[in-house]
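All chains are identified by letter, namely A, B and C, in their written order; residue positions are counted from 1 within each chain.
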Amino acid sequence: MRELTYLEAVREAMSQEMRQNEDVFILGEDIGVYGGAFGVTRGMIEEFGPERIRNTPISEAAISGTAVGAALTGMRPILELQFSDFMTIAMDNMVNQAAKIRYMYGGKGKVPMVLRTPAGSGTGAAAQHSQSLEAWMAHVPGLKVVQPSTAYDAKGLLKAAIDEDNPVIFYEHKLCYKTTSDVPEELYSIPLGKADIKREGSDVTIVATAIMVHKALEAAAKLEEQEISVEVIDPRTLVPLDTETIIESVKKTGRLVVVHEAVKRGGFGGEIASTIAESEAFDYLDAPIMRLGGKAVPIPYNPELEKSAIPGVDDIVAAVKETLNRH
Amino acid sequence: MAKEIFMPKLSSTMQVGTLLQWYKNEGDSVDVGEPLFEIMTDKINIEVESYEEGILLKKYFEEDEEVPINHVVGYIGEAGEPVPDAPPGESGGSQKADDISDSRQAQVEDLTEQGISETSAQQETADANGKKLRATPAARRIAREENITLSEVSGSGPNGRIHQADVMSFASTEQPVKATPLAQKVAAAEGVDLQGIKGSGANGKIKRTDVENAIPPDASPATTTAKRVKMEGIRKVVAQRMLQSKTTAPHVTLTTEVDMSQAISLRKQLLEPIEQQTGYRVSYTEIIMKAVAFSLKQHPHINVSLEGNEIVYKDEINLGLAVAVDNGLIVPVIQHVDQKGLSALTADCKRLGIAARDNKVKPQEMSGGTFTVSNLGMYAIDAFTPVINQPESAILGVGRINEKPVGVNGAIELRPMMVLSLSFDHRVIDGAPAAAFLTELKEVLEQPIKLLV
Amino acid sequence: MTQLTNIPAHLKKTDLTHLLKQMWQIRFFEEKVDEFFAKGMIHGTTHLAVGQEASAVGSIAVLQERDKITSTHRGHGHCIAKGAEVNRMMAELFGRTTGYCKGKGGSMHIADVDKGNLGANGIVGGGFAIATGAALTSQMKNEGYVVLCFFGDGASNEGSFHEALNLASIWKLPVVFVCENNQYGMSGPAKEMMNVEDVAKRAAAYGVPGKVVDGNDVFDVMNGVGEAVERARNGEGPSIIEAKTYRWKGHSKSDAKKYRTREEEQEWRAKDPIARLRDALIGEGLLTEESAAEIKAAAKKEIEDSVEFSKASPMPTIEDLMEDIYA
């Protein structure tokens, strides 16, 4: 198998799907000859033309609503928002329209659209271009929320998201774009709602999302040297959430550390921790659940400050050891 | 000021509790969380722990006396504190001023209720010094499973938090025998070795009765040869309930004979798949219960109970399963039998059967029954007249399966026959509907394929 | 009373009586709803379009069956004009399972996707981008339909109006934006809330035609919208048609109408769009007094029957709560 970057995997999933499904098209700002803010759609306008790689004005409210309208009438649009921070300007269409139409209309009408958008810090883009706001969307009934961490997952999950008859928010972490993994050439689908055990272990379960999956794996490797066996689970989709895999893992290890880049306060880690506290895994917990998340502060510009605003590998190592009473 | 000890309300139906034994004498010092006395309710026996510390100043009731819920049983306080000579009645009563409005009174009662639930929740949550005990859920689970008193385990975690590993290492070292102070005294007086006595109290704690039962016959001081055992615990409850049922409900018992050929072959086919799924072997009891639930659904007039002047048609089918235990009979209830498949039913029946024999059935697992099945098929019993388990209105007695010659299409064949005996309360159920129900049940068992319809 | 514009020559007698009947249906539907709200038999809130019947009926009269509409919170009239069954509409307001949304949408979310009504909308300005997206589907799939987007004077101050107008104009999408200017956005008089007299003038900013019509003159509405629909169908892009009209009732059921005068209301009542159409048809000899009375009576009976239908319809059960939600 060949290796692809995460960015190439996203592009490949879209291109392959567009070759076989005329209803799929992309709209977004600067996605044409420019190739998108992060270059994800680079080269696509040459293959598919400006009709299907639709460069839009800077109008997040209009393009998100247009995607909803097109989806409602038979297309399968992929909307690219340049930064997930701009969700605020597309929020009404996602939350009040896309998420609710099927239910509000008594089951008629469907909105098969994917909103793809890069999230996360680490690029020095500071407060308005570095956030991780996935918990907002996960809170709204009617939106599916996907957060792939690897190239392999990105391709398979994007295919599943495009095939989904309901709106999907697809978060791509900017620092994941350059990561590589083995990616099959053919198009394949990874079901939404199936977590992936990225590393098996027996002492502590870490549930991590997006870039934190990579940091958790790094931490797990360090901890192995100290004879601590860590299981790393990537939920891959927040909605639907594969609670079963997480519960089974915690029943096995008795310890849970949840890590995400998003601000800890009100973050999705609280949902995972509560799920465990309410589940049958509770009786197997042998230490308090630990949550690691971003500090409650806008992401700063200075690179050292930026790094310290979110969990790092050492923080994860320390948290795992704390749950084990090892210092 | 001296603190009241009162009879806790442990279930929604509990009105009085019977004091089974005191663990403390007047003048003894008591710690928070220490067992004070044992009571019996209409459902369970339970140790009541203190949530005050001090000296036990007064006991108003002796063993075997019945005390209404919320009534003061005694006082704890400092030595020499004055307490009333006679039982003051309901808890909080002496503090009630005449001008307290009804709503205030209700608040007081509410608070008392909270106090009670905290008391029961305090089991295993306080250490020997009465401090909140810190233990992880996993440690608590293991302690529960292994009958270990957490307060005796020392924790290795922060602030003394007990972890799973602490409980496990505690379990692997031998522990001293646990016995109530009274049991220890009796054992010392009678020269009985506490080692080797199986305790019937909470966490296997040895109680006075356990010691008395263990006294060898020749050591008994009794002068007559007849053994006399005091009615208490479950025995006493069974006695009361049987008398109540037989004296209030006019019992009629119908019997019918069932050809079990097809039920037997059904069970054979189900044995392996159910065992693979649940680890348990399906027995005739479960097949009969399934058929009973099916037939009750068709005959809602049987699934009733009499409440005051009203016949209540139950919308759930929850079947009691009579289980013989050492000193009596208890009836755990399997919920929603009509909605369960045979493997779920098998798992439930076996689990509750085992729990019943181990005296571990929870009160909520013994309530809500709408009909009971009593199976004596393991003995050489054909038919019997079971006593209705009130407030239910009917009970099914199941006899053994026995090969008998029966006429089949003009020829005599040997068939596995079983007698079903249905006792019902004639106040609320008439003969014809009862007969129709029993007939349906017979037909379902003879052609169990009907269960699929 | 002001005379109506000349009757469009291509209209047959049956078309004309149909227009009158639909306007009566709307009038009676709204009056009935008002009555039941007053009696407390319908709950929630509702926005009535009494007095605005001509703009709904006239706009939709020029559409083909395949054409689509997006509607507003004041949408019962659009819905009836687009051919919805009044039984199912009334049942929706009664919260019954036979309603268009199975009792889950209520007054503000009635949709009839099969008949091309993409839905009323509880968000002011929520329909602009959805209509634009539906028009994009028509263009991309060559489906030939036109989308009619109803909106009010108040919604034209929403950002989504401007974003969607810009997007639809640069892509020359087959969408017609029909402003029903009923003079007030809730309590806000249009003349105080914008610095132009006509919403139609805003069309100039997007290089599209903008035209004002008499919203209480069904034929004037038909002529104006008809021309814009024709243009859209020919691939010449969007237009704005502004129908000046007036809502007789308050904004919603809790409106004391303190912001306007009795005199003003009487002035507009004198321009009753239904009476004007009726008189014109009788004046032209196309209708007798008797047949006009029959049409009115038939419309009234249909609405009364719809109430009976609704009362006899089942309420949803608690089990229905989680139906049609997928995430």
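Just so it is clear, a residue touches a chain if its C-beta (ideal position, glycine included) is under 8 Å from a C-beta of that chain, and two chains touch if they have at least 3 such contacts.
This one's a predicted model, so the numbers in the text were calculated from it and none came from an experiment.
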Contact counts by the stated rule: is the higher one at A-C or A-B? A-C
The chain whose C-alpha centroid lies farthest from that of chain C is chain B
How many angstrom lie between the centres of chain B and chain C, each centre taken as the mean Cα position? 68
Need the CA-centroid distance for the pair chain A / chain C, whole Å please. 41
From the mean C-alpha coordinate of chain A to that of chain B, what's the distance rounded to whole Å? 51
Taking the complex as given, what residues does chain A use to touch chain C? 23, 25, 51-52, 56-57, 59, 61-75, 77, 92-93, 96-97, 101-109, 141-144, 165-166, 239-240
Chain A residues within the chain B interface of the complex: 254, 282-287, 325
For the complex, give me every residue of chain B touching chain A. 136-141, 156-158, 163-165
Chain C to chain A touching residues, read off their complex: 68, 70, 99-105, 109, 111, 113-114, 118-119, 121-123, 126, 128-138, 140-141, 159-160, 163-164, 166-167, 170, 323-327
